[in-house]
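Structure first, then comments.
Letters A, B, C, D and E mark the chains in the order given here, with residues in each chain numbered from 1 onward.
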């Protein structure tokens, strides 16, 4: 049997939805099996870290790495897989830009641990907190150590390609798989290193079927507070802060099509340095007021501006985390 | 590293070198910024001198420099100088960056250590930035030789005649039925006391008959599109209900019209006109207009007296407003001013006390063609005043109203004093804060009025009242004022008070400014390109401002500006094409999502939405390069030349010295 | 129901008792409800400010701080006295305009466990409420005994329309609110150019000659214009013109008899209330003769504007109105 | 800070110009005084209903403030005659808070004991004392008594007035105190400390 | 750090027409002001991309000063209003990131207001000095000793 190229997929700080998205490619997954030798995919098959360590460097052709870097285990595996892989893809929003787990960067890690083990809904009468090492008769046990902040994969290792989305749309996953298979067969060439793949050229508005006019709004509202919402008119124009104008296309405007505002999971458009800054200026540009008082009043309609503009992107943004997350334990 | 950068640090004599160790800065740049591509760093006594420029030109040629940074004075002073030097040496001028270490460093700091350190940061920022600079070419645009002049007052008339006499076509648009503006309401003009009509009317007639002038009165500009050289203007020619082809201007319709209306415009509310009227006898054009709001036929459906009596059947009740489209290369705005509404100063009693008059009312009173045939009388229409108080600075130099000086009021007040004295022999008081009689022959006029015996009281009038405190005040208007030179409060009873009201921007100046794409000051006057060196041009290429639209001024200044703008327009017409600064925004068609957020941001209407492609596009000729859309595009699809994201990001890093190799 | 917080001020219990009585009498027909600020203190009139700064504003601000505790459903504090109104309004304004003053006043208030955030309350005068909240239409509808035949000069006094940082009045110098209100009651309102001139304020106490001259100017002009009485909105004005009229006559050797009543008293009369319930008779210069004029019918006619004939007068410009002032402010 | 330069001494100016005076008055005034903006137009002096009785018109006083003539300013009766009618304030083209400046000058004059006629300061202080004791002035009743005390010569003319006020129940005999006078005292004490430190 | 000896680094954005000219005027008039501000000239305050501010703050600046023409006096008619809207939203976002909103200041200065430019600059430097260094841009801490952090937590009283 011809040695098939090796394939790996790993799941760091993420929810697992990316794995589902891969499986959700239906029969395409069979192409993966047909064309690749799956060597490491903890969700789908049993494999040990030491098996990976034993592999030769660059022996894995393609690794889809999903999840951000939250602890030292994530970091170790990222570095390991980088060493062993020819092509390392930051797969999904978490690996690309931190995603929802990245919102943890709004708080110091100590606070997060404390909250997790000491809220009213937590039954923890003895005030027990996790510790990274513990001695048991059999010896010393270790659990991974949390890092101060969540980091996208790129901030830890060199990444070849980025595939955003929470999760990446399955049709995009399928297209990428097809591409790689074509490359293996010599029928296509890889895009330049650093490219964002499995996405559109523009932003969500490009794919959004709603009618767009020159927009000015006198107030911002939540989608559930506009009744009835016009299903054919641009959502932002109706006063709902929609992240679509700044969010990379590729999802076929899934949320706006379903009647909800875009929340930005596909991340910034090509060449954008800071996603949040693009949304700040987008929202600010539609405010129909000139006095500070009136502008502030309109801005009150966005109750959590930081969360609004950095929902998926905080860890990958210019500031990366809040001041307290940097400074406090 | 592909760029070869030269850094030139200027001493500016001791202006910079006194507070900045320029040698240290140059050496530092040569060493620490070498990895950025700096191949040479020099300092020189006066970089802007021809020797300094030659130094740079020589290096460009001999060392093959691809970028130049000059650390010297503010770019507003010498950016052009060094760009030209680069151009002479064959380097694209936009690959030169100025780092200001004089206005922004040596002149504002005194510590040499700090000055030197800051200069290094500023140079470092400029070096990082210049790497990202792109070679740019100026944009050439052809000029349509036709010109639009908006406003038919004396300033607009002057502009129109100058251009028309030079052989080019002018469209002159006027909102009122006749040209002439405020000047046509005046009796005499200061300081020479020329009869206003005598000097203005010939000009008006010349406009009316000039082959190169298309005169559109009773018309307003409703839309302006395009850009310098290629403006497309829409004008609404309001229905006159008088056929201009047939009308001979005989005036029978006015005579026969039974409807009298208070004339708020020309007669300033002090006289009457008919519902069909020409505002005054010398009106140009001489065709009357029908005032639809007041015409009995339009109100009740009967009358038609004018139609019955018109000998040429020129009355046409079916006439409609008409939209006219014209193409012009340049536009001159001469939209004039509004008079300050003196009712706002309630302590002066205008509108409450009958014998308080505004300046424009007095102009009509004293005008031989006015409602009293030039007799200066009280509001009862017959009594000649025995004493008259003239109050200066009404609504001007007052934070409660307008904070600026209206320029003309002092001279106007003196002119009134003279006219009252001459026509009535009354005792005349002038109340002033400061007597401002600058310009030729103005102070001489003040001397003349002093000689005539006018009584001057230095003090801003506190109030005008009819509440008498003693017998001698009964039936009079009492002017209460502190005579600041005597240091006493005085109560001066007079028969008539004239308020020398200030000038205000037109009520619609902000909207008009927006339509033409030019800005207004906080007060509402149109903003000139430079207050001293470019007073009639605006920030929008091809749009000029003259007369009181730009700020309060008298007739001589308005005429001078009218002529100045005409010269600027003629210059453009004769050049046949104009070069535009290449600092422009553009949209990447691939990445634009057509979200249309930028569409509402451009006050110059440079951004258009292309329905077919569902994307937006920028017209570079209309773009003024402010960069607002660049900063606003949520997709990052708009980029701007001259001030690109890359340039600014690099400059931030450079200024923060993050571009240094810290070995 | 229109509910407001009330800051009555010291004089309402004593020298301006008639004001209080008549206010009580008209509240019910106009559906007005006033809740007195609990344990309010004197505003300091014009005296406290002349001695110090922080204590003066702290004294005033205590009232504002107390009022914020009673803000259930309203943020409007009504002061019937012009001096109180001005002091309360000015304290609120200056605490915003000069934050350091605001901070110090709050530091002082803190010593008494109080706090006032400038801008929290809306300080308004009684006539402002009547004209702009209740409205002239509503007032007119309650009139059962029109005051036609009664010639009155409306006297606003000085501290009410000035300095007017909140732009509440139609004009600083010649406001028309009181004129309009009296007209709504059917009274024959005389144009009174001195309507916002000063009554002398505390000068009756410290420089009587000066004050008497000011009082004389007011009474003499009202008298010249044929007024039966003056109508005022301020306890201080009423006190000076009423109580010192005799002394003024004495000083100048004149013989004026110019009663001065509160506007609320006339409202009460027009609403059909008994004079005794309105504090009528408490004035030192009796209004009896003046009120005897009530019932005389003088029809009001207005000539329509017509084109000017040969010897006829020139047309007058329209008067500056509050409406136009607002339009100007919007610009 | 008095500034005596050699030039001035040589020029024969022996009055010390206190150039800090304007600033001091401005800082002690409620709100923003805009005092430095005065253009000497005389609107205030023209507007003032009692200008005739004043030593200096307000405008002159501002010129003197600017010239730093401290003592003459504080001795002037002008602030004491100010009736707070605010005519000058609303008419001032430079938005000078004239009436509030007058309050400031009164306070400074009392502090420096530079007033010439004690009637007005005395009246203010009596009034203030009353307010501080009871929390309320019993207002013009008190004022009338003050009047009777300070102008006894006028007493014959005043008898009917005082009598009328009392019989008509318009002059309280016994002052009413507010409930929490202790709280007010604490506030005013603290305010007075703050006044000193500012 | 001792804030008295802390010299803030501030990036200032000026518009070409008003505030940069105001700074020119401050220079021509030799007005002295705090040397901590390093200027970047934009054509208009409307060009101010929030990214620039974020970049400056994350790259070592302790504060950012944004200057433009007075409202109503923009040479591009009304673009400074657009800067104002962005600025107000940006401040809210910064505040959510734990950055004192006072570190970013919008100042209007006309070409004639050299003195205002100078005094506002000095004032702002003092304001930022009071806030202390921002110290952003320290690289992500990487693997820290969680044990140490957790042991600190255990000291938190129940």
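We take it that a contact is a pair of C-beta atoms (placed from the backbone, for glycine too) under 8 Å apart; a residue touches a chain by one contact, two chains touch by 3 or more.
Just so it is clear, the model here is predicted, and its values are computed rather than measured.
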Q) Expressed in steps between touching chains, what is the minimal separation of subunit D and subunit E? A) 2
Q: Would you mind naming the chains that touch subunit C and likewise touch subunit D?
A: B
(Q) As a test of whether you follow the contact definition, which chain pair has the most C-beta contact pairs? (A) C-D
(Q) Suppose each chain is reduced to the average of its Cα coordinates; what separation in Å results between subunit B and subunit D? (A) 47
**Q.** Gap in Å, rounded to a whole number, between the CA centres of subunit C and subunit A
**A.** 67
**Q.** Computed distance of Cα centres, subunit B from subunit A, in Å
**A.** 54
Q | Multi-chain contact residues (two or more partners), subunit E | A | 49-51, 55, 71, 78, 82, 86
**Q.** Residues of subunit D whose C-beta touches two or more other chains
**A.** 87, 90
**Q.** subunit C, residues touching no fewer than two other chains
**A.** 172-173, 217
Q) Can you list every touching chain pair? A) A-B, A-E, B-C, B-D, B-E, C-D
(Q) Looking at the complex, which residues from subunit D come into contact with subunit B? (A) 39-48, 51-52, 56-57, 59-60, 87-88, 90-91, 93-95
**Q.** subunit C residues touching subunit B - in the complex, by the definition given at the top
**A.** 171-174, 193-194, 217, 220-221, 224, 305, 307-308, 311-320, 324-325, 328, 331
Q) Can you list the subunit B residues touching subunit A in their complex? A) 590-601, 609, 614, 631-637, 645, 649
Q) Taking the complex as given, what residues does subunit C use to touch subunit D? A) 10-11, 13-17, 39-42, 44-55, 57-59, 62, 90, 93-94, 97-98, 101, 104-105, 107-114, 158-159, 162-164, 172-173, 196-198, 200-210, 214, 217, 235-236, 239, 243-244, 246-247, 250-251, 281-282, 284
Q) How about subunit A: which of its residues touch subunit B in the complex? A) 201-206, 212-216, 234, 236, 244-246, 249, 268-273, 278-279, 281-282, 284-286
